[in-house]
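One chain, subunit A, links the two complexes that follow: it is found with subunit B in the first and with subunit C in the second.
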Partner chain A sequence: MDTNQNKDTAKEKEKDKDQRKIKSAKKMREIMTTYYLEAMTARENNKKIAWITSGGPVEPLIAMDIIPIYPENHAAMIGASKMGEDLCVKAEEMGYSSDLCSYARSDISCAQVNGGPIGGLPRPDMLVCCNNICGTVLKWYEVQARYFNVPLFILDTPVCHNGYSPEIAAYVRRQIDEYIVFLETVTGEKLDHDKMTEVGHLALQGQKLWQKILKTTTHKPSPMSAFDAFFFLALIVTLRGTKIAVNFYEELAQEMEERVQKGISIIPHERYRLLWDNLPVWYQLKWLSQKFSDHNACLVADTYTSAWCSAIQYIDENKFLDSMAEAYTRIYLNIGVDEMADQVLDMIHLYDVDGFVMHSNRSCKPYSFGQLDIMEIVRKKTGIPVLMLEADMVDPRNFSLSQADTRIDAFMEIIKQKK
Partner chain B sequence: MKEIDPFHIAIKDPAALAAGIREKSGKIIGYMCSYAPEELIHAAGFHPMRLFSSKSEISLAENHLQAYCCSLVRGVLEDSLAGRLDYLDGTVFPHTCDSIQRLSDIWRLNTNYGFFADVVMPAKLNTASARAYMTDVLKKFKTDLEKAIGHPITPADLEASICLFNRIRKNLTRIYELKSQSPGIIKGIDLFAIVKGAMIMDRKELAQRLETIVLLLEKKDPPPSSAKRIILSGSICDMVDIYSLIEVSGGTVVADDLCTGNRWFEGLIPVDIDPLEALTARYADRAICPAKHSGNTVRGEALLALAKTHRADGVIFALLKFCDPHAFDYPYMKEFLDKAAIKSLHLELDDQQQGQGQLSTRLETFMHMI
Partner chain C sequence: MIFAGIDIGSITAKSALIQNGKLIGTLVIPTGYNPVTAGEKVFSDLLAQTNITPQDVTAIVATGYGRNSVAFADKAMTEIICHGVGAHFLNPKIRGIIDVGGQDSKAIALDKAGQVENFAMNDKCAAGTGRFLEVMAKALEVELNDLGRISLTSNAPSKISSICTVFAESEVISMIAGQQKREDIIAGIHESAAARVGSLATKVKIQSPVIMTGGVAKNQGMVKALKNRLGIEILVGDFPQENGAIGAAVLASRLSL
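Now for the complex of A and B:
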């Protein structure tokens, strides 16, 4: 090939890539920028800030005009901007073991040095911790409660190893009332129940739209991938219960519908469809996405982003506060390994995937322990190949690129032979 | 002291001990956490038996738990899968940390000892609703046990069990007091054997033996000790050598904040209120495990108070590698000690590998420092 031809191919590739780009991404970036700017200037506008865990009940905060800040979302940004190692090392210098969750480590040190891609998070007026995702957040929020010396509310959602018991239901429901009292005490204002109902409607609407978006990838070829879902997830986490999230997801859902109709796929030649398990490897998203795409494989779905619509069935929008207890307790990570495996099997069938990629994430024990059992169940019940990648969501020291490269190649080879 | 021999024998071979209990037609329920309501298990006629890792090489558990899971959780699963726990008639998992939470699922899916229960205790303990929930959980566990044995646990059964465990707690507390008053009264290795043995031996026999030991110790009058007074703080400390190594380096353990020590036995169960509420009161008020919440600084304050009460010269944090709740608490607890000018040493332990040479050097250096 001569240079001109080379140039032409490169140009075409660029053009093709451009056509496949999801247009809503730009708007999403703008919304997130506005959100963080508003949070940074909250004090000047007499608004209170609550730091809250990713699985925490944000709706009452929205209803009370408190700005929710998600250290986990921030930690993901730290990871994606490859600033995780430095902040993790700083936490280790503060005495935190390198075996601890890298979200927690990077957030704990970032709070003290105001590092990271946006120069740290605005100081909280209160902390809201829901342990439905792990016991780690409990310890992490205790650390921050001591550091910032602000009130901490813990929503304790006992693990449903074997379904939802009346004891758990009563306990969590009582805590929802305690949570409202906590917020009213910290802000000195009463919760407007009409506004709460409205926020509840919007939260459910947002989750339904998110679910709709994720399900567009059942279409072959898939209009988006899990890598896009990792990105678009930020709004359903941080702005759930707002009109902004609903409006945005309506647009995104429409864009996805259009892509499906026009047959625009996210990767050029989708031949293999894969399911992803666990959090993303934030600092290697681009590489992983390219790597799978080079194999004509698309990660069409994942167990992580779907967690923000996995409890829709338990929400009663007319009794939002009542049903919230169950919806927040029965999320993906707060159930037994067997129930998690059932959900994985459902996804394998729904998205018609050829393989399953599991991220064994050193930072997340409740997500990662039990994976080997789920792997066995999946192998037995579906026969699809399963790959387990050893990594960490934010700390790159626990990831070997060359090893991952070889293992993905070998895994894809098996999938190709089977298809 | 020959009275301590049965404890050494018990901890040396728990399987043989279990076989002896089964011969007397006893049924055994195992658990790994100090929040397991032993009183209810015992009242139902089961023998409550705390499980420790036999520290065998991990191979079968590799298929279920990654290498970044703590050696206790992996080790006990290995023992189970290798058939070393076949003496069990059941297991109970009180909710503790993320690792034990998942072990419970893996256990339920891969083992079959008959009785199985998740006793999902609250993670926070300092609210009325959490306490009410804990009582509900205990009630449900009692019902589960009753279903398993086919008859109700009578109030008299439960009261007797509570009294027995209070007797055990009282005597263990007394032994600790005596040790702190005059450290030369009992060797660390013997104290370790007594406490660990107390978690696995027949409880009635145990209560008797502990009383005997207390009487004997009270009569002893050892010469004053010049050893450095040390407090051990951490999760489980299943490393018998650490006590001797501390003594060889010139120290002696005068108190602990361990889940295989003071945290497990401190605090009596009130006997004048409803028994389930009494159990709640004790389990919610005892020195807490870091996987639980009862305020943001309670553990730091408690450790400081313990150090002052026992006139500690230093604190040794004996933390199990990959134990997240303890690792999160370590920096602030150390800071609490630093502010009070109490020196501390951080040891990361692992059931599988125990490099004693390095450990004794570190201990010696620490003893010289304090």
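Now for the complex of A and C:
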């Protein structure tokens, strides 16, 4: 009798889970598969490939019909498929320090052994590195440029500790012109400025849709969680500036609106709403989402996925190349701690959250440095509990499950006590 | 009505009973290999000691790293909340707790009502935990319980610079080889551990009065080192080890069953 009952509840749970599933996920997987397949066969189709950093200006590449490949997106896939440890160890055997970013370590070693979930990335014809996300990418891309013996373009975006200055504006804008010249030299073709305008328009449209999707979680209960955003993020990163991304996000936005109208929530009993900071812990997504869901807590928003629409205000689609300089320089990881804290506070109010979870990410120095200050500011200005979780985005050796378990339990006990 | 709290730590298992808001008994035993058996034993032995039958106990809360191994408990709560409640129950003025146990150390800041405001725990590292002291005691051929007493006789604590337990151990071994005084090395070890734990306390902006709990609170040398490090008075109550279990028992009395 008991076993039957258990079976029934398990079935019910499965059914419930099924009903809450976001339908667009299937389509997104198909798009990503096609994207990687096209990249793998680029040579046969006479197309060039550029590897580019996640915060790099991709639009000119799209306008010139160059396929952009993101080692960071690939490293996230490596992490999510729990293949990060092996590749990180391999990089350490090659002589890289275990303190080096785990994205860099897995990409550098993967290029040599063609490992990972898709057997390595297609060989690049050029590399585009923008240091708006961190300083590590400079050396990382230099290593890869030497390894593949291909040209490297570096876009240097000074950190805007105290806002954006005319000097920074002129400095970065001039490099955008150099960037176009670089691409024209490598491809032997001229940039079509009409096409550039169109791509700029699509990039902005895609970012606005992404923002709209992320904001649907202001609704209670939330139709999706940060864990879903981590997944759906891939398109705005890799296919920004294309019609494919715009079309997909239109559909996803519509699905979210429908979920809001029908009251379909992503977790069964949303009682507590949380904000997440820093990159995901890719190899523990399932455990973390279940853990929070068991506490009836939904991570409704995060500072990471919103970074791909946080600079919309600086974009002028009629002067895309000009405004791009500012938009790429003033992203979340390239501003001062006070401004970062302001953005966090805005999100806390917008999404009406009960707690703030900060992933202190051993790999990502620019993201994790300053977290203690932001924590203090948030605690002082809002009084909500803040949890610091030590981990790493790809290297599981920097994560302790039982410690994380106790910390999350204690954090949730404090939130419950307060509410 | 009687309520019980059970705290399964990495080295010891603790139990506490309260009746009508008063503590009526506590017990500490080694956890050993099996946390399930330890939970059963620490509870039944305490009942036997206090002449109480299991039926007399209205509710039980389990805590500690083995909190989910206590199947007969009504609820599992983390040691952070339990330490806060336990310290507040024993002394309502307490605003800060420094708990150093076998495998972790933590600092907890309480608000005026005794509710946890913030906490910080050691990261994936044994430095500044009971285990660190255990390793050092072994290297120095000193009983763990004698560390505190011996260190108090030191006038010039040795300087241990390594943060990592393993590296600190090699450092200690070279100090032994260099014939540094045992009491100085031990005092140095305490200062090194206190630096680690002290940074947790600073992180959560701990406020006085501060109480130290956990097995390591019985080490006077460690208490002294922490006092010097933080420049504040560190209290040690009558039940440093049982504090979490006592808090669990108080929380059991608040459960609506």
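Everything below uses one rule, namely that the second predicted complex is superposed on the first by the 418 of 419 C-alpha atoms of A that agree within 3 Å, B and C clash if a C-alpha of one lies under 4 Å from a C-alpha of the other, contacts with A are read in each partner's own complex, and residues count from 1 in each chain.
Heads up, the rule we're going with is that contacts are C-beta pairs under 8 Å (C-beta built on N, C-alpha and C of every residue); 3 or more make two chains touch, one makes a residue touch a chain.
Just so it is clear, the model here is predicted, and its values are computed rather than measured.
S.K.: Figure out whether A:414 sits in contact with subunit B (first) or subunit C (second), or with both, or with neither.
M.R.: Only subunit C is touched by A:414; subunit B is not.
S.K.: Contacts for A:143 in the overlay, against subunit B (first) and subunit C (second): which applies, first, second, both or neither?
M.R.: first
S.K.: Report the partner of subunit A that touches more of its residues: subunit B or subunit C.
M.R.: More residues of subunit A are touched by B.
S.K.: Who does A:69 touch here: subunit B (first), subunit C (second), both, or neither?
M.R.: Neither subunit B nor subunit C is touched by A:69.
S.K.: A:111 contacts which: subunit B (first), subunit C (second), both, neither?
M.R.: It touches nothing on subunit B or subunit C.
S.K.: Between subunit B and subunit C, whom does A:379 touch in the aligned arrangement: first, second, both, or neither?
M.R.: A:379 contacts subunit C only, not subunit B.
S.K.: On the A-aligned overlay, A:174 touches which partner chain: subunit B = first, subunit C = second, or both, or neither?
M.R.: The first partner, subunit B, only.
S.K.: From the superposed pair, tell me which subunit A residues show up as contacts to subunit B and also as contacts to subunit C.
M.R.: 372
S.K.: For subunit A, which residues count as touching subunit B in their complex?
M.R.: 94-97, 99-101, 104, 131, 134-136, 138-140, 142-143, 145-146, 152, 154, 156, 158-159, 161-162, 165, 167-168, 170-171, 174-175, 178, 336-338, 360, 362, 365-366, 368-373, 376
S.K.: Using the touch definition up top, name the residues of subunit A that touch subunit C in the complex.
M.R.: Subunit A residues touching subunit C: 372, 379, 385-386, 388, 390, 398-400, 402-403, 406-407, 409-410, 413-414, 417-418.
S.K.: Could you list, by residue number, the parts of subunit C that touch subunit A in their complex?
M.R.: Of all residues in subunit C, those touching subunit A are 65, 77-81, 104, 115-116, 118-121, 123-124, 203.
S.K.: Considering the complex alone, what residue numbers of subunit B touch subunit A?
M.R.: Interface residues on the subunit B side: 63-66, 68-69, 95, 97-99, 101-106, 108-110, 118, 120-124, 127, 129-130, 132-133, 136-137, 140, 290-291, 293, 296-297, 321-322, 324-325, 327-332, 334, 348.
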